[in-house]
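Right after this note come the structures.
Next come two complexes built around chain A: one with chain B, the other with chain C.
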Partner chain A sequence: MIEGIFVEGLIYGIMVLGVFITFRILDFPDLTVDGSFPMGAAIMAVFIINGVSPWIALVLAFIGGYAAGCVTAIIHNKLKVPNLLAGILTMTMLYSINIRILQNRANLPLVKAETMLTKVSSLTEGFLPQSAAVLLFFVLVVVLFIIALNFFFHTDMGLTLGAMGNNEQMVICQGVNPKVMKLIGVGLSNGLVAVSGAFAAQYQGFADVNLGQGIVVAGLASVMIGEFLLRSNKIVLLLSRVVLGSILFRGIMYLGRFYGYYINLTPNDLKLITGLLIVLSLAVTQIKKRKRNRQAAS
Partner chain B sequence: MIELKNITKIFNEGTVNENTALRDVSLKIERGDFVTIIGSNGAGKTTLFNIITGNQSPTFGKVYKDDKDVTKDPEYRRAGYIGRIFQNPLLGTASNMTLEDNMMIIYKKGFKGLSISLNNKMREYFRKELVQLDMNLENRLKDNVGLLSGGQRQALTLLMMVISQPDLVLLDEHTAALDPKNAQIVLDLTTRFVREYKLTTLMITHNMSHAIKYGNRLLMMDNGEIIFDVSGRKKEELTVDKLVEKFHEIRKKEFETDEVRLSE
Partner chain C sequence: MKKICIFLAALIFISGFLFAEGQAEEETATIGISKIVSHPALDAVEQGIMDALRDLGYENIKYDLQNANGDLNTAASIANKFKAEKVSLAVGIATPTSQALATAMKDIPVIYSAVTDPVDAGLVDSYDKGEANVTGVSDMTPVKEQIAMIHSIAGIKTLGHIYSSGEANAVKLASIAKDVCGDMGIDFVETTVTNSAEVKQATQAIIDRVDAIYVSTDNTVVSALSSVADVALKAGVPIMSADPSSAEQFDILAAYGFDYYGMGRVTGQLVAKILEGTPTSEIPTQYMTNEEDLILHINLDVAEKIGLEIKDDIREKADVFVKDGEVVKK
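On to the complex of A and B.
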């Protein structure tokens, strides 16, 4: 079971990377995530059911998510809609679109389809147990994503994106259009979220339009948990921290599911626990800040 | 270089809060000018800068850059040739990023691509430039800018702005939020850079003696108008007393807010 927690943490970790980019780096609280996650799952499911290579399906899922993010950014940029509302609009529209992608179904099982995971299992059959092979595969995938993102945030464009959430005026003063930066950032974020959804569909063996419900809150909780783990100004550590937070979050959820019933918790209470986790993180951050201010004042 | 033609800016037009910030202002800045601007609060100095940078668009009138109409150009596009420094030192740099990252972002104007420009050669260059500031920042490239003092941040912003070689520099009371010692350091750096790089500069200040001491042209603003424009020889002969007298002459009212009195 412990591998299960790690695998889930890694799969959802890619989604949390996306949430981290919007919430923390861009300071653009983006709720599109709740729609782009099942979108990635739906795109992956539909393509592999129809015999397309899962690798091509993964790229298409990324593109789909990127487009969804761009829709949010464009609604925000062009119509001057607050970013939260723009995200909610896209998320709501995506619900219908996702059902369309699944060819007018609410879910699609992948029982006999060939996924990346079945490929990995058959490749390593004989010298690695299946669960270990899957875990290894996802560790590799996440490491690759962190390396790629680390590279991106070291480029001139990535650095400028990093300044966006902190100081938009500075970005404007460099002759960079902040709207374009939002388009790039929110798009990239949702692309990652969709990729995460695509992996989740393969791991769980089905795609469902309700897969994304509350995903953004789970992502935010993971980001916040990660922030308790370590402090740094190096982007590679910030990205790794996000994935660690995601694994820890899945661990907490696992404990909630399996030991919760001793105190009368059911799986239905997990959303409440997630929310309370965020409230708790915010409270601790506030207390820490107050303490630091008091120290600075005295 | 930059020309404003009959600029009028009205805020909240048609409401009870209607407020005219600029009244039919025309102004021509020549290449190489170092213009100081004084005026009490609400005189329209910052609005003037906002119109030049495109942060706000004028209600009436046009803005020209080298005889080209740029009135409709958005702020980020005009930022390609304008370097602006704000009163708030936090606005020039990103606190949660390192010194070298900040410097890399400010180093070159315009759209940023996917190449990695920050390498050891660049770091060496940044270090060499930072030595000029004499603030020991050359050894702190990996520190977050949030750890620097306001004066250090403003000096850093100034240095990077100069390196990016803008055609026009706008300084909006950029030393007002600093303590006297740091304010003097930043001001000295400013005048040195303006001279060395022959920057066309507009500087808003609350300090009359600074306005007289620095630059080759002085503008006095009041109530949305440029009421006094002096340059060259005449400016060199100015004193604070003469300037106050001049204001009385033009406006026939007291030009003595506490601010002005305190900053003399």
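On to the complex of A and C.
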């Protein structure tokens, strides 16, 4: 079971990386995620069912998610719509588009299809148990994503992106158009979310239009739990702690299911726990900040 | 120092899971039931399974009742939990939870329930036999019988149907209803919703164009049935619902179908068969379309309000009446 937590934490960790880029780096609360996650799942499922290689499908899922993010950024940039509302608009539209991608179905099964996971486990059959192979595969995938993102955030464009979340005015003074930066950042974030959705569909054995429910909240909770774990300014550590936060979040949810009945907790209460976790992380961060300020003042 | 403390706490926390695995093995027969959301019909299935097993003499079974709270991403977590606990058998109520169970478990029997089309859902390859570790009960509702019934009660020319575009089962039933209406020469007016808040408006949009409204076993629409009933009653339009178990709570003219508790009992009997050693591959998908399994619910108060005369032969067939606000069961 412990490998189940890690695998889920890693799969959703890619989504949390996307949420982290918008919420923390860009300071752009983006709700498109609730639509781009099932979109990635839908693209992956449709291509697998039609016999296309899952690797090509993964790239297409990323492109699909990227496009969805760009739509949000364009609505926000051109129509002067607040970013929250722009995200909600795209998310709503994606619901219909996702049903179209799934070929007018709400749910597409992959139970018997050949996915990346079945390929990986048949490749390592004999010398690795299936769950270990899947875990190893996702560790590799997530490490690759962190390395790539770390590289990206060290390029000029990546650095500008980070600077813009801190101080938009400064970026404008440097002669950079913040609208273009938002387009790139929000697109990248949703591309990652869609990739995460594509992996989740293979892991769960189906793609469903309602897969996006609760994604933003789970992502936020994971980001905040991660911040609770360690503090740093290094982007590679920031990215890693996001994934750690995601694993820990899945772990807490598992604990709630496993031991919850000792304190009369039912599975219905898990949503409340998610919310309380976010509130708790926020409160602790606030208290820490106040302490630091007081120390700085004295 | 502080950081080390936090890491230590995390380490202790994670090691807790290792103990969790050890504990679960001591149980004798454990059945894991995973349902997608807490909903009257799905809760009734769960209850039916447990009651049927108790009546068959299985009293020492430990149940692990899990619920994904509508968040499909937890369906896989639940499947993993059952796997870690080494349950003797897992029951999935509704399509996504069953798919997640069938994906995660390859050697533990998985029984699905309340799945309309198991072949379409990828759970089994054929309707005639089960898989190596998967079989179950379909909740395909008898659409044809229901439309024929409302036709014989109210003599309709146009039938309105409200369904949720996001539910695989609902979309499937809508296309069957459309075909049935085509065969019977009834005009079919359909409208879709994406959540229960839209149901009232969708009903208002079609109510003037239809002679009756048909509601299938669509979780979203059934959960907003009171708003459909409200609009239809004011317009004097009869409603035929596919779910007799929720019909008593609302002012709807008729309901014809099986109740989910009954389906739960059938699922429970299937579980017992498998616990006794019958391989799942020998049991084909079971259906609830037998006439003796169907319940006809007629609300005479509503009939009076909308000025409809219920004929004697219908009265004879009905299993449940509502008269002067009281429920009479035959």
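Quick notes on this structure:
Simple rule for what comes next: the second predicted complex is superposed on the first by the 297 of 298 C-alpha atoms of A that agree within 3 Å, B and C clash if a C-alpha of one lies under 4 Å from a C-alpha of the other, contacts with A are read in each partner's own complex, and residues count from 1 in each chain.
Quick note on the criterion: a residue touches a chain if its C-beta (ideal position, glycine included) is under 8 Å from a C-beta of that chain, and two chains touch if they have at least 3 such contacts.
It should be emphasised that the depicted structure is a prediction, and the values quoted were computed from it without experimental measurement.
In the superposed pair of complexes, A:Ser122 makes contact with neither chain B nor chain C. Contacts of A:Asn233 after superposition: chain B is touched, whereas chain C is not reached. Between chain B and chain C, it is C that contacts the larger number of residues in chain A. When the two structures are aligned on the shared chain, A:His154 is found in touch with chain B, with no touch to chain C. Of the two partner chains placed by superposition, only chain B is touched by A:Cys173; chain C is not. Judged by the touch definition given at the top, the superposed model places A:Asn50 against neither chain B nor chain C. In the superposition on chain A, A:Asn210 contacts chain C only, with no contact to chain B. Applying the stated contact rule after C-alpha superposition, one finds that A:Gly162 touches chain B and leaves chain C untouched. Touching of chain A by both chain B and chain C, each in its own complex, is seen for no residue at all. Those residues of chain C that touch chain A in the complex are listed here as 3, 6, 10, 13-14, 16-18, 20-21, 38, 65-78, 80-81, 83-84, 95-96, 99-100, 102-104, 120-123, 125, 165-168, 170-171, 194. Of all residues in chain A, only 151-152, 154-157, 159-160, 162-163, 166-167, 169-178, 180, 233 touch chain B in the complex they form. Across the interface of their complex, chain C is touched by residues 1-2, 4-5, 8, 12, 95, 99, 104-107, 109-113, 200, 203-206, 208-211, 213-215, 218, 228-230, 248, 250-251, 253-255, 257-259, 266-268, 270-271 of chain A.
Per the touch definition, chain B reaches chain A in the complex via residues 74-77, 79-80, 83-84, 86, 90-98, 101-102, 104-106, 108-118, 144, 164.
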